[in-house]
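Chain nomenclature is as follows: A, B, C and D, assigned in order of appearance, with residue numbering initiated at 1 for each chain independently.
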Amino acid sequence: MALRTPDQYIESLRDGRVVYYRGRRIPDVTAHPFFRVAIDHAVIDYRLAEEPRHRALAVARDPESGEEISRYYVIPQGVDDLRKRSELIAVATRAGGTMVTLIKEIGTDALFALHALSSQMDKALATKVHDRVRAFYRHCARNDLALAVAQSDPKGDRSLRPSEQEHPDYYLRIVERRKDGIVVRGAKVHTSVSVNSNELIVLPTRAMEEQDKDYAVAFAVPLNSPGLRMITSVYSQHREAREEADYPLSSKHRMLETLTIFDDVFVPWERVFLDGQWQFAGPLALGFVDFHRFTAVSYKLPLLALLTGSALLMADYNGVSRAGHVREKIAWLVSYEETVRGLLATAAQQCSPVVPGVVAPSRLYTNLAKLRFAEHYHQALAYVQDIAGGLLVTAPGDEDLANPDTAADIQHYLGGRKGVSARDRLRAIRMISDLTASEFGGYHAVLAMHAEGSIEAEKLAIAREYNMKAAVAYAKEMAGIE
Amino acid sequence: MALRTPDQYIESLRDGRVVYYRGRRIPDVTAHPFFRVAIDHAVIDYRLAEEPRHRALAVARDPESGEEISRYYVIPQGVDDLRKRSELIAVATRAGGTMVTLIKEIGTDALFALHALSSQMDKALATKVHDRVRAFYRHCARNDLALAVAQSDPKGDRSLRPSEQEHPDYYLRIVERRKDGIVVRGAKVHTSVSVNSNELIVLPTRAMEEQDKDYAVAFAVPLNSPGLRMITSVYSQHREAREEADYPLSSKHRMLETLTIFDDVFVPWERVFLDGQWQFAGPLALGFVDFHRFTAVSYKLPLLALLTGSALLMADYNGVSRAGHVREKIAWLVSYEETVRGLLATAAQQCSPVVPGVVAPSRLYTNLAKLRFAEHYHQALAYVQDIAGGLLVTAPGDEDLANPDTAADIQHYLGGRKGVSARDRLRAIRMISDLTASEFGGYHAVLAMHAEGSIEAEKLAIAREYNMKAAVAYAKEMAGIE
Amino acid sequence: MALRTPDQYIESLRDGRVVYYRGRRIPDVTAHPFFRVAIDHAVIDYRLAEEPRHRALAVARDPESGEEISRYYVIPQGVDDLRKRSELIAVATRAGGTMVTLIKEIGTDALFALHALSSQMDKALATKVHDRVRAFYRHCARNDLALAVAQSDPKGDRSLRPSEQEHPDYYLRIVERRKDGIVVRGAKVHTSVSVNSNELIVLPTRAMEEQDKDYAVAFAVPLNSPGLRMITSVYSQHREAREEADYPLSSKHRMLETLTIFDDVFVPWERVFLDGQWQFAGPLALGFVDFHRFTAVSYKLPLLALLTGSALLMADYNGVSRAGHVREKIAWLVSYEETVRGLLATAAQQCSPVVPGVVAPSRLYTNLAKLRFAEHYHQALAYVQDIAGGLLVTAPGDEDLANPDTAADIQHYLGGRKGVSARDRLRAIRMISDLTASEFGGYHAVLAMHAEGSIEAEKLAIAREYNMKAAVAYAKEMAGIE
Amino acid sequence: MALRTPDQYIESLRDGRVVYYRGRRIPDVTAHPFFRVAIDHAVIDYRLAEEPRHRALAVARDPESGEEISRYYVIPQGVDDLRKRSELIAVATRAGGTMVTLIKEIGTDALFALHALSSQMDKALATKVHDRVRAFYRHCARNDLALAVAQSDPKGDRSLRPSEQEHPDYYLRIVERRKDGIVVRGAKVHTSVSVNSNELIVLPTRAMEEQDKDYAVAFAVPLNSPGLRMITSVYSQHREAREEADYPLSSKHRMLETLTIFDDVFVPWERVFLDGQWQFAGPLALGFVDFHRFTAVSYKLPLLALLTGSALLMADYNGVSRAGHVREKIAWLVSYEETVRGLLATAAQQCSPVVPGVVAPSRLYTNLAKLRFAEHYHQALAYVQDIAGGLLVTAPGDEDLANPDTAADIQHYLGGRKGVSARDRLRAIRMISDLTASEFGGYHAVLAMHAEGSIEAEKLAIAREYNMKAAVAYAKEMAGIE
């Protein structure tokens, strides 16, 4: 098989999948203008592989078959693989107007984690899962598939374990074990790019104990599997009828999430990767997160770069570049962006093998980078909005610039420092409004808090990675305590 | 004259005013569904005066005429007046879904400042402006008018003074002095509630020097004055077609801003309050700000209360009320809200007379309250979003709850802790999404940074109010420096 | 009885009390130069009452006897009493070089709380404690006594209750109930001013449950009671031989803490205020804290004023007053100080009666003021040190300025901006070094975190005072949840 | 020449240098108990080279001569050299109880910068300075010398340039150019380890303009040069008579600073490295700072590790390890330490050649690491003190534990959780008190703000390193601005 073209990818989504949106079934997502924006956005991943200047980065050789595969599918074996992967994610996200494409990123994160998990589990429990993972991986890589990952369960009462909930379905579970496979019931929330992927990988969301073992389940199914239903978010970065001039980012770039229902979905054994081995649910969840937070930080960097660039641009346009407080805020934005970048570089540099043939980025530094990003994102918005000015929400629109009754007034009054036209200044303002104060901006902000795991999960990971014994020993030595 | 009814207010807006929106002239704002939301929101101020339980707060007696007037028009003469004014603003804003009504608040802030300024100026320069102010004040109070205030000039290059700009119109200015009045040219940005007020008060935005004296101008004109044009913001909290279920706040509550053009607008002398007395431009701008920041903090408190309440509600719904980090975040939100409230109380308590018969709230504490609000607002959003969860942007919509194909799934999977239905939880999520992550949320966030003056202006005011001499003297005494 | 003179106070400390310091018993604290600094510092409270300009503030009339009493002993009955008390504390602390005198402040805080507690308890349990409290109060007020309060128990393992500890003495407890009184055993830590007070009031440190009832004990004893032993802290703000020139604050102002041992101390019934009524241990601890945190913030304000003044002075001396970052830091210091001050004013203003005849400051605002102080104190140190410069720790000493071999060099090289001599600049630096970077500075910093209750205790108090029901109701109303 | 022994180093300091301390000339620093602590501390650098387990790290081969040299003298030629240097600095500082030894670190930083500067200057201006630098470098390396660096001028009015000051000596300058060398006059402040080094390297402190060219001077002189006088700081981490038990860190580890006077000191040409080439003053100052901030962060890491270790130890001793707020604070401390460490690793990894044969660490990441350290140090102190408890300043001393009258009480009452003796707990408390709340703690805190350049200098460096053009171009592209 060869790499797919954008058209092949789009065509592959016409497969009878069950998708709902705003109260209606969508018979063909590729034909619906709202979904089409998300699909066209995802196409970036396929398009980059065709562009001469990105080809070397986007395409690699499968070491097994010698065929060309998307670099996303390259299993990282060292620092350089991680760096290139990170760079490719950043390039695609930049092209995507700060919105990650995700259709290969997240799925390969899951595949890498499954590689590692299955090796470890086969060794510990004499299961035979690794071969299944390899076969599924080959299927995806060689067919250049788009993948979604469903991990977060609805959770009900977050203070209770899966088996303690009011009803048994708040976490996805196995309801039947058959000769040819398993049947699963439940739902997953926040499933990104499910409506426009080919395969869906399902992972557990947390560590389990023995009584939760029916919830310790991982597998993959095509998105048109019987019993699988997707109810699309209505959050309105998704809203129809976004004028490009007023929403330069969100009119073209969109990612969709679904509430994904598993109404007794059958999964054949060759697609089952975890099936009650509750001790491995936590390691798998965590192993995925190690790769996926590294991916996340990689695609957050263009977003931070655009925030810094926006502040610099507006400071210049407004004639305030030299004001003390503006310089202070810009230094803060630069420090924020570059600290995240620097920690990500260390995470790649200090990667280590999880099983032979697979390295993972440093858990400590990946989480530090992600935490730093997440904890300061809203402050960054505040600074950018502060420098950009109140016109972010009070400016006239593009149609007013086109109306001869009002165009001259706008041009006369809304210019910036000498040499900056009202048109350019309004374009900058409109873009920053879209980025920071629209529903697209809200989407980015909520994702900063929640995507790829919460702030508290990151803190926990960091504390656990720290060598507490050595630190306490040093303190005791200094205090003269034997 | 008596207090006006909502209908009388609405009727008064059909006066031929020149309003543009999205490239078109709007012939009658009361007939346009988009503008109508803003008008219906403003009506709250008139409605409260008619409601028995709010009447005592909303209505007062004019000490001169003995007639009933809106309490907004009561010139503050002591702590109690400030407190009641503050309470009325909060009550109206709560009724307005965290959106201030503003049609009497801001205008009376300007009138109070004009009272003080004109007394001082008449004394210093033997002008006769105070009588004009009084006459205009009586006109507004007795006719129960809705008022807008235009203060912010477009400013061009912010590092230059008015008279140094690339063209002379970046700040509003007097272009002609006639026997019967003045002619003004220029524009004002961010003019709130102009499309649905009766009169527009215009104030200078900053201190002036002698070379800027044509820019030292203050006056009032009806909003249908010849040459006055309003170009309405397109920022999309204003967007049409907001479903109430998905946008419970912004579908019903809206404030509109305009770029307000003064194309050689004539102002008769009895409406001119500052006319070249450049030394008084700064004091007037600052005097207005003293009252207006007090108003601002008064109407921010319901917003903060809703953020705290949202966090508490979602913590309960999600079953995480007892988690350590959730308690920490809630304690922070409470401290944030109550610190702002406590400083506002001190600002009222420590008010002082600016001229006989007019007290102003403490500049120091008003600015401290406002600064604290502004500097931490984005952090508050982060905490509320953190507790509420990612469903803020990934949840299905109200139409999906109505669709029988999907309703059962949603109800089964999106409930919270025992006893919390998916319907209630989604309503809470939708409201918080509207409040923090929609364009309504973005509007609030940008206003937090910019409305009623910038963060830097507040810091400056605070530093200037501090008794630096006493502090330095104490330091010297402690150091033994004579 | 009349107010005591300083000499009478000093004389009263020669009573055979058992005090240890650095491995030795101190037979007479008034004769030991190290303790004498602490005693002379405490004398400020007696001296102020004799000074004409402070007399009106420092002295009041006992409403019962008509005699003059120290204002500290006035039981607050309204806003004005709280304000004057607060002002007196601030005046004494300013005179004390930012160090509180405490010998009447903390004891009266305890007496106010005992007044309230005993009224409530007598009513609920038909005890007769209020009369004992009144009698003891009269004894203290009329004899103008100096009082210490012992509250913090050693606590052992902080995750366990008193009755669960490894040994039963980690919290002070009743070991015997006799006809004439009780016998107590245990210890208290952090007992301030015990070595130089006349009476010691002992309070429980936390809420108790029934199994802890022997730990629910409150009483008062003279500091020379048999079985009472004090082991003085060696923390070296207390160190001997501090040269005044190099330590302008700590050479003259000192407060001492002890580990206070109760080796089966007998307390007659008329001095016992709580004796097993475990339900009242928490309310008493909390009631004391309400008054004492108000006291605390009152005496922290001069400290904050000196930090701000120090920053202003050094910015001027170094010629950096106009640098953007310096202005930013000074605005921060001013905001910090004035926010604490403003919240304290609201705490007094919004006081409420706890029992007839006793008002307490607002618990919410007192805790907000205290928390704000505590959470930002170290940041304030950082800013002051940043502006002051590295000479804080690298400057030559006063003896070098006196040495003719080095004096000229120092004078030539260590001056500041034009007009600022090296001598003055070094004095300022030395004072700031003492205030922020010496052991006196460290003492202040640790007290900021721990004195009058921890940061976490303050957060808890704030969250509990908040009207959560109202906030949640508003959120539900806005979300349309019935 | 071979590596020196500790004794040879100590002996070399008996050279007639002119040192003052507390008003007296110190004839022999090695014989003065106060100075001797600093010298014995510095000896660590020589001792490590003799210890088998550190030898491989501490000793390297001179590539030119093949002789053994201290690794500090190895000119970094790649990532590995920087990493090993960083590790050696950390090892020595850990052995030094968080106090850097500095006698080879700072001098070699200066030598590396001089290597680079002289190459660049020789090329640009056809000077012959590089050979002088090489000769001096060889002299130092082969004789295993201890080096101090004097950079900070007294500065007078910080808002004025060197040539604009009230008198011409506020910055060090050339007062005479002779055939055989130059004569310099002025002073340097904050000169660390000058009293116990062999040679003093003098660098300019800032960029210069043409009118300041007499101030553009760099050179090296022995510390016993005629006209060179050192006035030692009296800051009392230096104080005599520190008992080891109560001050476990500062009783053994000390670094001394001097005000260093150059009273017309003659410097022969072969020791002159900058002599009026004002354009190179800034690059030299900055070049030194690049290396020296890398050194600084390297030696700050053990300090941060001890803070984290202290918090962990005390949380355990006090039985609060599982409290939510304690875990939050520990996660913060870990994140703080590891973020600094991670950024330092990136700084080494992304080093680049400044001239052939010399690489410098990444300026961006070095400054980010340093800034992060400096901006959060005081917060770290607050958290450690919060967890450790108020006994930091109220505990009895070691002598009380030795006194049989009080020992039993202390042992009975000041233990921690089960299994933690009062003795161990007090040792931990005493160490943390020394680290965070003593004058040693204050010294560390002030150094955090000022050593190796101020916070503002670091922000400036960071902002300048950022690729602003690329960021603005991306913002324009996204906004659709051509």
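Here is the rule we use: a residue touches a chain if its C-beta (ideal position, glycine included) is under 8 Å from a C-beta of that chain, and two chains touch if they have at least 3 such contacts.
From a predicted model like this one, the values you see are computed outputs, not experimental measurements.
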| item | value |
| --- | --- |
| Label of the chain whose CA centroid is most distant from the centroid of chain C | A |
| Selected interface, A-B versus B-D, where C-beta contact pairs are more numerous | A-B |
| Chain B-chain C separation of Cα centroids, rounded to whole Å | 43 |
| Inter-centroid spacing, chain D versus chain B (mean Cα positions, whole Å) | 52 |
| Centre distance in Å when chain A and chain B are each reduced to the mean of their C-alpha atoms | 38 |
| Numbers and ranges of chain D residues touching at least 2 other chains | 323, 325, 327-328 |
| Touching residues (chain side chain C, partner chain B) in the complex | 94, 97-98, 248-249, 302, 305-306, 308-310, 312-313, 316, 327-328, 330-331, 334-335, 338-339, 342-343, 345-347, 349-350, 364-365, 368, 371-372, 424, 427-428, 430-432, 435, 459-460, 462-463, 466, 468, 470-476, 478-481 |
| Residue ranges of chain B in contact with chain D within the complex | 323-325, 327-328 |
| Partner chain C, residues of chain D touching it in the complex | 20, 22-25, 152, 154-160, 166-167, 169-170, 186-187, 189-190, 229, 231-237, 246, 257-259, 261, 263, 318-320, 322-323, 325, 377-379, 381-382, 385-386, 389-400, 402-403, 405-406, 409-410, 412-418, 433, 436-439, 441-443, 445-447, 449-451, 454-456 |
